[in-house]
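In what follows, chain A forms one complex with chain B and a second complex with chain C.
== the complex of A and B ==
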């Protein structure tokens, strides 16, 4: 389980996170939602050690990984890379690199965490060639390839930052299809997205951020059954009271 | 260790075309200059003396040729130096800036982040010493070209040390004395570490990081160079220090500066940098 406890982060004069706590459980898809600037991406980056936080704790399967408490000494980067795959909103590779080279880079550096067979399957699933340079890819193709880079890492947790951002309908559908395949089976997923409707039926739990804190956490299925409300309905209540 | 070597290889590959470009430019300019100037000198001598090739009439060596055209031989070397100075910063910033977000990947790799620092440092040193090696090889090539063009009657042989001394900038970059070589390149490595650390400090505390980085860079220039310049003010004489004591103080300050720079840089990479 990834446990976020009392996370605090200030950017200049703005307290973006002011004691955020929630958990990402294995086998569940958790959606972290909020308005623009709510700190969703910051939380994902903080989990990966890409942004230092001012306070609080980030435990991955019981081990503390928050930079201000641990730094990145010793094997922490290795531990984190074996536990969590992060899929940012753009491929985290040089634009001049070809897709083939990016796949080779991942295989070279991630070793046993990288599943080359899964990567090939996903490339075929998305009908991606390997010869194009990342800088020349359309947004949709880049988003699909980005997903390949992240999901071919055999980690128990996956973080996705806006996987549907700025891409066309068919690419969105293709990406949403990934959630129905076995590639996410048993993995704890934390996703941030503004396109809730694309994946609403797949989301197990929702964490709504507002004013730097968790405004509401709920189980989407329970909410549907008990109150006949969709995730978007609850979001309207929280963000437009 | 294998991961570190892979990272070094990766960094070198990313810069290879630019490095080859710098190498080609240096070779082209220096070889072309040698051909043109040596032909000029030969033509001048042949027209002056005709076919009367008496031994040792107004002879010259490649040393003289390089001394007479200092600026042409120094120009590509200067371009290489400036390019590497700029790249000492670009090697970090290129991963942060632009359309890609490669720094995400680098910081997430399942290796200690210190490897990134070491890989970039090793890559920079490889670039520097590759260019130096090329320059050494080019001196021999230049000598060969000069010998081929200039008739033996007008030519003086030059020792390798003379070739190096033929250009002030090359002589500065390739000191004959191993002690001076160590001193120059030791100082260069400390300044490179300082450039890395300033970049990482800036990336750690944005936007105030720029102030922190500039303050750090100023301290790294003022203190280590101050120790050297203090000698010129007579400070050490007034303190009654012997020359070997002064040297050890300077070496100690520079080594401490290098160690602090590396420690600060790796610490920033581990704890403070943000994407």
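== the complex of A and C ==
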């Protein structure tokens, strides 16, 4: 389990995270939602140790990993790399690289954590060829390839930052289909998205951020069962001024 | 049970998805699309077919097992029950549900039972004579 407790982060005058607490459980798809600037991406980056936090704790399977600008970063980075795959909202590789080279780079860099067979399966599922350069890919294709790079890492946890943002309908549908497959089976998934409608039927748990704290957490099926409300209904209640 | 055989799913966002999956199966049973003893897809296959979370598919199958609509023995694939009594009750349950919903809709309209029955009889006859219900 990834346990986030009382996380705090200030950017200049803005207290972006003001005591955020929630958990990412194995086997569940958790959606972290919030209006623009609510700190969703900051939380993902904090889990990955890419931004330091001002306070609070991030425990990954029992081990404290929150980056406070001190401590042994190297060891923690290794630990995180085996525990969590981070899929950023756009590919982080150089545009001149071919997809084939990017796959080879991942295999070399991650070693045991990289599952080449899974990567090949996903390339076939998305109908991606390996010869194209990353710089020439359409946004939709780049998003799919980005997902391949992240999901082929055999980590118990996966973080996805806006996997549906700015891409065409059919690419969004293809990416949504990944959530119905066994590729995520047993893993704890944390996803941020604006396109809630795309994933209404796919997510187990919702965490709504507002004003630097978690305003509401709920299981989507339980919410439908108990109150007959969709995720979007609940979001309207929480965010409408 | 493939989409090209007419087994397609449509969901609304306000009802638990697992219960909507169960209702799809009940309709297919009541209309004879799924027969007693017929093998159904695995939980994983269903998740992909219906484009839903595998946990939800799992929960739908558990619910159908509890309602004894499907049976799973050991490692063999799940099947529609062979129990005719349960299969018949699915049909009456769906009918009753549909009538309940109809009653809710007309609850605030002032109408006599005779008028209502006459209208239902007329619409039902039209439906049987080629699907024309008076709407276009």
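FYI, the second predicted complex is superposed on the first by the 234 of 241 C-alpha atoms of A that agree within 3 Å, B and C clash if a C-alpha of one lies under 4 Å from a C-alpha of the other, contacts with A are read in each partner's own complex, and residues count from 1 in each chain.
In this section, a contact is a pair of C-beta atoms (placed from the backbone, for glycine too) under 8 Å apart; a residue touches a chain by one contact, two chains touch by 3 or more.
In this text, all values refer to a predicted model and were calculated from it rather than measured experimentally.
Visitor: After the match on chain A, would you call chain B and chain C a fit or a clash?
Guide: fit
Visitor: For A:28, select first, second, both or neither according to whether it touches chain B, chain C, the two together, or no partner.
Guide: second
Visitor: Give one of first, second, both or neither to describe whether A:240 is in contact with chain B, with chain C, with both, or with none.
Guide: Neither partner.
Visitor: Taking the superposition on A as described, I'd like to know which of chain B and chain C A:45 touches: first, second, both or neither.
Guide: The answer is first: A:45 touches chain B but not chain C.
Visitor: Should A:86 be classified as contacting the first partner (chain B), the second (chain C), both, or neither?
Guide: After superposition on chain A, A:86 lies in contact with chain B alone.
Visitor: Applying the touch criterion given at the start, work out whether A:179 contacts chain B, chain C, both or neither, answering first, second, both or neither.
Guide: Only chain C is touched by A:179; chain B is not.
Visitor: Any idea whether chain B or chain C touches more of chain A?
Guide: B
Visitor: Now for A:13: first (chain B), second (chain C), both, or neither, which partner does it touch?
Guide: Neither partner.
Visitor: Report, in whole Å, the shortest distance between any C-alpha atom of chain B and any C-alpha atom of chain C after the two complexes are superposed.
Guide: When the complexes share the chain A frame, the smallest chain B-chain C C-alpha distance is 29 Å.
Visitor: By the touch definition above, which chain A residues appear in both interfaces, chain B in one complex and chain C in the other?
Guide: none
Visitor: Contact residues on chain A for chain B in the complex?
Guide: Of all residues in chain A, those touching chain B are 45, 48-52, 67-68, 71-75, 77-78, 80-82, 86, 88, 90-95, 105, 108-111, 113, 134-135.
Visitor: Spell out the residues on chain B that touch chain A in their complex, using ranges where they run on.
Guide: 3, 6, 10, 14, 98-105, 107-113, 267, 269-272, 274-275
Visitor: Could you list, by residue number, the parts of chain C that touch chain A in their complex?
Guide: Of all residues in chain C, those touching chain A are 11, 13-19, 44, 47-48, 50-56, 59.
Visitor: Can you check the complex and tell me which residues of chain A touch chain C?
Guide: That would be residues 27-29, 176-177, 179-182, 185, 197, 200-204, 221, 224-225, 228-233 of chain A.
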